[in-house]
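Pasting the structures in now, so scroll down.
Same chain, two partners: chain A is paired with chain B first, then with chain C.
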Partner chain A sequence: MSIHLSEAVFGYDEKKILDKVSLRVNTREHIGILGASGIGKSTLLKLLAGLYEVQSGICEVAGEREPVKIRKKVAMVMQTPGLFPLSIRDNITCGHPMSEDKIRDALRAAQLEEWVASLPDGVDSIVAERSGNISGGQAQRIAIARAIAKDAQVILLDEPTSALDEETARAVMKTLEYLTQGKTVVHVTHRPETLFGYDRILELKEGKLVARESEKYI
Partner chain B sequence: MKQIGRLFQYRKMLVAVTLLCTAGAVFATLLWNRELALIIDTVQQEKVFPVENIWKSIIYLLLGAVMQGGMSFGGACAGEYATHDMRMQYAEIMLKCPYEKVASENVGEYISGLQNEMEDINRYVSEQLFNMISMVISFVFTLIYLMYQNRQLTLLYLLPVVFLTVYTTVSSKVIYGYTVAEQKEMEKINAVLGTILQLVPVIRVYEAEKLLRDQYTGHIGAWQEASVKQERVKARLMSLSGVLSCVPLALLLGIGGSMVLRGELSMGTLYIFVNLSGNVSGVMINCSAHMAGFRRFCGNLNRVWTVMAGKEV
Partner chain C sequence: MLESLRNIFKHLGGGFLYAFLLILRTPVDTLLCIINALFLKGVFEAMEQGTPEALARCCICFVAANGFVFLYNGILWGEFAVFSARMVGKLRLKFLDALQGLPLGRIEAMTDGVWITRGNADVKMTWDLLSGALNIPHFVFAIFRIAVASVIMYCISPLFLVIELAVIVPHVFLRHRYVVKPAEQLIQKAQKETEQTAVVASSLLAGGDTVRIFEAEGMLEDYYTESSLNIVRTRLKISVRKAWGEFMQLLLGRGGYLLLFLLGCEMVRRGGMNFGSLTAVLQYRGAMVAASMMLMNSLVEIKKNSVGMKRMEEVFDDKQ
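The block that comes next holds the complex of A and B.
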């Protein structure tokens, strides 16, 4: 069992976003969670990432219940890449010691190797998301390379392609396939077509997770 | 000039009166100094100073005070009215806009941005514009007056002021360069802080706290270094400037004093030179700072008019 949520409750002030949510995800299982915007999908993902703590119930990820320990076991790719205005190397290593081979492997898997090699400073080039020196697709691929380099047991995806155009989104989806291979994956989205081939698809409705027929989307 | 003319287009009379007061204050000061020189010379010659001249002196003093007051009051009113007129012109433009245009604009953001620019314009007009005009009038007429009194002494004491002006201009440019460098380092610190606030989830999931802390500490160190360098250079250049600014006065006292001893200059006239020399040398030495302030004011004014022109239909 990779993820175990039992009767998990979470809300802001009086409002309950997640109301006694239960979920079991097996190791290497890929599950998709659908839901309208603002329904609480990202909140659920943040609970699974150890960024929030359940107010009551159980939240166990990769055998850990403490948020600090959970965070060590997960990697997350969000809607916006969230790059640091630092070098590509820093964005991938996040300041942790990492071999050159591992960085190169992550870049290759994220289909960034050629582009990085063409940059004057290579992997030490500074990326500035907002200044526009890289495209949205390249920025998201760096975020994926960061997740690949972390080599976490659980991968959490929060609409990673929704801010990209269709063609770029398709290319990014391919790199996501590499990232999610052999991992436990929870992917939240409001677009069912991005959950092609997933083992199970659930829907978040009024604070509860409801099962849906996955075949419908295959 | 066209931009400033537009700023005061509805307040021509107020501006004319304020300018009149400004010129009046300068002339009253010059006339009072002339009377003062006469008093000094009469007392030195152990003669009795005529009563009518005492009355004249009192009238010049009072006239100067009234004119100075009129200039300050008129300047402050002109600043407030000009800002009010600008706001009304903007409101007029927005009211004439069709609904679709207004709805598509972020009016609040524009008004907030414009308010800041207008506030700067108001402050400059109220506190500095008429003072600067007064300084220019004072500079021109004091220079003419001093040249008329003693051309040789005027040129001799102004010669080092020319060098001092060049020095002040160059040193202020050097200081500006260091200030910009310091501000850039501060911007880097703010950028790291902004990143931390914005990317909390990413920082926590990928345990990037140390990376950003190191970045922050590094930028703090760089900013500290830039700040110390800027302060040190500023202190050196400005203290030298302070010492050098005494040179014209020292020359005035040295050369003027020896002229008095030789009988080529009266004590009263030397007093006029000492008293009014600042009106000429002060303006020359600080002209780069005044010009920078005026350019900033014109820049703000230009931006406001451009924004308004962009909104007109």
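The block that comes next holds the complex of A and C.
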């Protein structure tokens, strides 16, 4: 069992976002969670990422219940890449010791190798999402390379292609396939077509998770 | 820079009033210097001649003249303060208005934090340039003071002026070469480092989720510490350069004073001038030295703050 959520409750002040939500995800299982905007999908993902703590119930990810320990076991790709205004290397390693081969592998898997090689400073080029020196697709690929380099057991995806145009989104989806191979995946989205081939699809409705017919999307 | 100034006032209005108030304020320092010099000259002459009436007349004129200048200056400052407050408010509004009219791509090219900093810092820099200490007003005052003091000194004795210029010109050159210019570059470096620190700090806050999941706190803290230390190092270098400037001022400033004093004493001994005129000359000399320093420091501040004005101008001009 990779993820175990039992009777999990979470909310802001009086408002309950998740009301006794239960979820079991097996190791290497890929599940998609659908839901309208603002329903609490990202909140659920942040609970699974160890960024929030359940107010009651159980949240266990990769055998860990403490948020700090959970964060060590997951990698997350969000709607906005969240790049640091530092070098590509720093954005991938996040300051942790990492071999050149591992960085190169992550760049290759994220289809960034050629682009990075064409930059004057290569992997040491400074990137800033809003500086205009990098496209939305490239920024998202760096975020994916960062997740690949972390090599976490659980991958959490929060609408990673929703801010991209259709063509770029398709290319980014391909790199996501590499990232999610052989991993436990929870992908939240409001676009069912991005969940093609997933093992299970659930829907978040009024603070509860309900099963959906996955065949519908396959 | 004049073109940028014209452009800013074209957007803001009030350019003529600003110039008028500046012209009215310009002679104040010079007038005070002349009053002091004339007072000392009169007092010493009265003492030499042993005429208490002349001494009393001198004192009454001194008090009256100072009172007039202080009153004049006070009224002008009051007017200028009101004008300043209005203009700063207008500058902020214009900046916000221009920001809303910028193409989206231009806004998105920078983070919110950078725009907020610009909204505060660039407005402040622009207004400091126009009205702050050691900026355009003091630059104008200094030039006027040097010109008037030079003419008066020349009238008293051309030799005094030559000696004074022989000390001041190398002083200005050396100070500019070894203090002002390097300090200016260091200030720019410190500004860039401050921006870098702000960017890293905003990443720590705005990118909190990513930072926590990928445990990037250590890396960002290291960058923050490094750039903070760089700022401290750069500021230390600026202080060292400034200390050199003080030393130069002491050496050349006092040297020039001593030279002028010795020459003046010799002239007094030979009967070429009286002691009252010598004290007046020393007053004008002091005014010239102080004005030269003011001029140099103003040039640095003007250069620094004109960066903010240039950025404001770009925002105003890019408005769609």
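Methods note: the second predicted complex is superposed on the first by the 218 of 218 C-alpha atoms of A that agree within 3 Å, B and C clash if a C-alpha of one lies under 4 Å from a C-alpha of the other, contacts with A are read in each partner's own complex, and residues count from 1 in each chain.
Here is the rule we use: contacts are C-beta pairs under 8 Å (C-beta built on N, C-alpha and C of every residue); 3 or more make two chains touch, one makes a residue touch a chain.
Predicted model, so just to flag it, every value in this text is computed and none were measured.
Trainee: State whether chain B and chain C clash or fit side by side on chain A once the two structures are superposed.
Mentor: clash
Trainee: In the overlaid three-chain picture, which partner chain does A:127 touch, first (chain B) or second (chain C), both, or neither?
Mentor: The answer is neither, since A:127 touches no partner chain.
Trainee: Touching A:39, do we find chain B (first), chain C (second), both, or neither?
Mentor: After superposition on chain A, A:39 lies in contact with neither partner.
Trainee: Looking at A:144 after the superposition, I want to know if it touches chain B, chain C, both of them or none. Which is it: first, second, both, neither?
Mentor: neither
Trainee: Name the chain, either chain B or chain C, that contacts more residues of chain A.
Mentor: C
Trainee: With the two complexes superposed on chain A, say which partner A:18 touches: chain B (first), chain C (second), both, or neither.
Mentor: After superposition on chain A, A:18 lies in contact with neither partner.
Trainee: Can A:82 be said to touch chain B (first), chain C (second), both, or neither?
Mentor: Both partners, chain B and chain C.
Trainee: In the superposed arrangement, what residues of chain A touch both chain B and chain C?
Mentor: 46, 49-51, 71-72, 74-76, 78, 82, 84-86, 90, 94-96, 146, 150
Trainee: Along chain B, where are the residues that touch chain A in the complex?
Mentor: Chain B residues touching chain A: 191, 195, 198-199, 201-202, 204-208, 210-212, 214-215.
Trainee: For chain C, which residues are in contact with chain A within the complex?
Mentor: Touch list, chain C to chain A: 105, 108-111, 199-200, 203, 207, 209-210, 212-216, 218-220, 222-223.
Trainee: State the interface residues of chain A toward chain B in the complex, per the touch definition above.
Mentor: Per the touch definition, chain A meets chain B at residues 46, 49-51, 71-72, 74-76, 78, 82, 84-86, 90, 94-96, 146, 150.
Trainee: Could you pull out which chain A residues touch chain C in their complex?
Mentor: Touching chain C: residues 46, 49-51, 71-72, 74-76, 78, 82, 84-86, 90, 93-96, 130-132, 143, 146, 150 of chain A.
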